[in-house]
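Below: the structure, in structure tokens.
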Amino acid sequence: MRPYWAMLSARFRTLLQYRAAALAGFGTQLFFGVVIVMTYQAFYSANTTPQPMSLEHVVSYIWLGQALFALMPWAPDADIRLLIRTGGVAYELLRPVNVYWLWFSRALARRTAPTVLRSIPMFITAMLLLGLQPPASLASGLAWGMATVCAVLLASAIATIFGIGMIWTISGEGLHRLVSPLVMLLSGMLIPLPLMPAWSQTFLRVLPFRGLADIPFRLYLGDIPPSSVGPMLLHQLTWVALLALFGHWLLSRAMRRLVVQGG
Amino acid sequence: MRNALVLYFQYVGVSIRGQLQYRASFVMQSIGEFWAHVTEFIAIWALFHRFGSIGGWSLPEVALLYGLVNTQWAITDMIGRGFDAFDTMVKSGDFDRVLLRPRATTLQLAGLEFTLRRLGRLAQGLAILVWALVALNILWTPGKVALFVLAVAGGVCLFYGLLVVQATLCFWTVESLEIMNVFTYGGLETARYPVSIYRPNFRRFFTAVVPLACVTYFPALALLGRADPLGSTLVFQYAAPLAGLIFLLVSLQVWKFGVRHYQSTGS
Amino acid sequence: MPHIVVENLAKTFQVAERDPGVWGAIRGLAKRRYRTVHALDGVSFSIEPGELVGYIGPNGAGKSTTVKVLAGILVPDSGRCEVQGRVPWKDRIAHVADIGVVFGQRTQLWWDLPVIESFDLLRDIYRVSKSDYTRARDELIAMLDIEPILDVPVRQLSLGQRMRCDLAASLLHSPSLLYLDEPTIGLDAVSKLAVREFITRLNRTRQVTVILTTHDMDDIEALCTRVMVINEGKILSDGTLADLRAGVTKERWLIVDLVNGEDTVTDSAANVVRRDGARVTLAFDPERVPTPELIRRVTANHAIRDLFVENPPIEEIIARIYRETKS
């Protein structure tokens, strides 16, 4: 565990230094949240048919999304990209560690550090001023906490796959450019998943992406009762395991390619 | 002026030839940008599928706003990279090279890069726009055609002005520039829906300070022949896109001031 | 009329200071402390047309600030500066049309394009007429021997090839004044010689005024008839290389190869400044002890394989000038 922990904490501390970027990111996220909330208010105000989610819940869902925005795996992490472009990836191969978990640790740091910096002010601001409700109950709060940890693992697993893909430069670029918009759409980051058409709900439930945002957010709201936390975590962790297996396989293919081509 | 235009197109040619050396990557990125915005529009479609309308506007009407603002931004993004990525230029000292050449700094920066991969985004914006125009059955008159062209041009000017302001900030600080995304990407998010749904102060800001509504919402009202709940007149709706041009001219003055500051501090 | 006149040029910068750590960052947000740096502190000189001047000084001494002022891209706080009777920063575009600038660390060519396309674009940027351009271009291509690499994208050139192309690029508009900022940095020995030879030819045949900043003293010795030394914003020395030497020290070096490497050399009129195995370097003042006298004494007292006399290397002289300003 030691090398992975060392990588995680080193990257984490480095990333914590980007305070100015975090502040600007916070301002941007706040603005986006305000706009999105106003559009939902407008959508709801003219519509009388009952919806699968109340406006209050949607507003909280939006703010949770804004607060945890930096968690999303929307692109290969810049440091992995740089590593591959400069040929530094060769050094990674020389280290007596499992490269997959090393990169996973990098991805984990890349998700957590900016999120810590950005989410705390966002939670405080949104809760005090902008209609973010507190967790539905203590149990909901706990369930949300656990699901968020799993969401971080899931996001890191996806980001790691994007990173590995970069070894096949063009195809890797294609992979993340085609998949990451889907991640945003199918996770609930673009619109709350319960508002997607009824026929799509079955697919959405099975796919891994709802584990990134929809599951933790709805556990927070009590929209999914805390009693169902077990199956939810199982859903997330199963996908983490499957994606990690896939990542290992992909990396071994990538390594063979690197060895053959000489980096 | 003619000479400057010739030089600009030479710059563009150089930039395109450079990018075409990485053809596969360019094709992939274009497709990626197209796809990313398709998913974005799917989300909007899903909301209309559920709610029917927003502020009295139907999906095709909102698609007109969405297509308009996305086309404007895609064009700006394609021709404004020199200003958008100006922070790296200031950090690396490459701006000194720009100053060492006997041409206007704005011309050199405008010509720096013609970003081909934005074609994907432009294609998506235009596709939505065309779909909206077909679905809406607008009764086109020469006046409306002129207004439409003016609105696109005004929007490009406005967004370009925002990039110029963002670049000017780099003369003072290269940190916290992300905050300018509030006006560019935030503006894009805002202008895809009719501004009448937003709170008054918000609306005023995007009409009078960063006049985004003047290049999207007001001309769209005139094109659609809709009455404005905010009470704007038809004449105003036709003239409004000029605000984008004015914004650009002001931005260029701000830029000149920034360059003078840079020359006196050499930061 | 001198090509460049600079009188009493002064420029200060405000540098923001921050205490280390998180607390420093937070305090920095509330109140910033500034330190004033005198980049130029009363710099005066004048340069005649066709001179080839070396401008040297440690990093941060004020070299690049001076060059930026002369190039018209930085406005000084006070002082007079005229290049060909023009104030550089008053009319940037007219001024920069008549100067060429080469930065050794950065290329001005378009990275992904063949060299010749960069040249063609520069022609349009500088508004050079077709006939002038063709003449200047062909001449430069021949002088710098870059014909074979004209169709290669810049990113694929070696550093030496790129520097030769950069030199050509900065001269396509036939400027009367050329600033070279470390033009030989990172180059191999052959490329260095080629660059130096080109600069000399350019200066002799075309009467282009050249200002050269460098850390490579071989450049200075090979190229410059005149050297200006700057440190902490002040010109410390201005003259020929011989003047520069004489101003610092009259010292000469006697280098002795001993038969017996274990031997020690002592003489009342000379100090040992360096010792590499059997080679001993003695520094002496020829006014105190004439050179033949010292050689006689040393050869009489020690078993010598070989000996020769030389001037202290220019690095040594420059280092002493810097040290003297420090104390």
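Think of it as A, B and C in the order they're written, each chain with its own count starting at 1.
In this text, a contact is a pair of C-beta atoms (placed from the backbone, for glycine too) under 8 Å apart; a residue touches a chain by one contact, two chains touch by 3 or more.
It should be emphasised that the depicted structure is a prediction, and the values quoted were computed from it without experimental measurement.
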item	value
Pairwise touch network: line, ring, star, complete, or other	line
Identity of the most central chain, Cα criterion	B
A-B compared against B-C, more contacting pairs	A-B
Whole-Å gap between the CA centroids of chain A and chain C	53
Centroid spacing, where centroids are CA-atom means, of chain A and chain B in whole angstrom	29
Chain centre separation (chain B, chain C; CA means) in Å	46
In the complex, chain A residues that touch chain B	20-21, 23-25, 27-28, 31-32, 34-36, 38-39, 41-44, 46-47, 51, 169-170, 173-174, 177-178, 180-182, 184-185, 190-191, 195-197
List of chain C residues in touch with chain B within their complex	13-14, 65, 68, 71-75, 89, 92-94, 96-97, 99, 101, 103, 106, 108, 110-113, 117, 121, 124-127, 153
Chain B - residues contacting chain C, complex	3, 6-7, 10-11, 14, 17-19, 21, 92-94, 96-97, 99-104, 108, 263-266
Complex contacts: residues of chain B adjacent to chain A	24-25, 28-29, 31-33, 35-36, 38-40, 42-43, 46-47, 49-56, 175-179, 181-182, 185-186, 189-190, 193, 197-199, 202
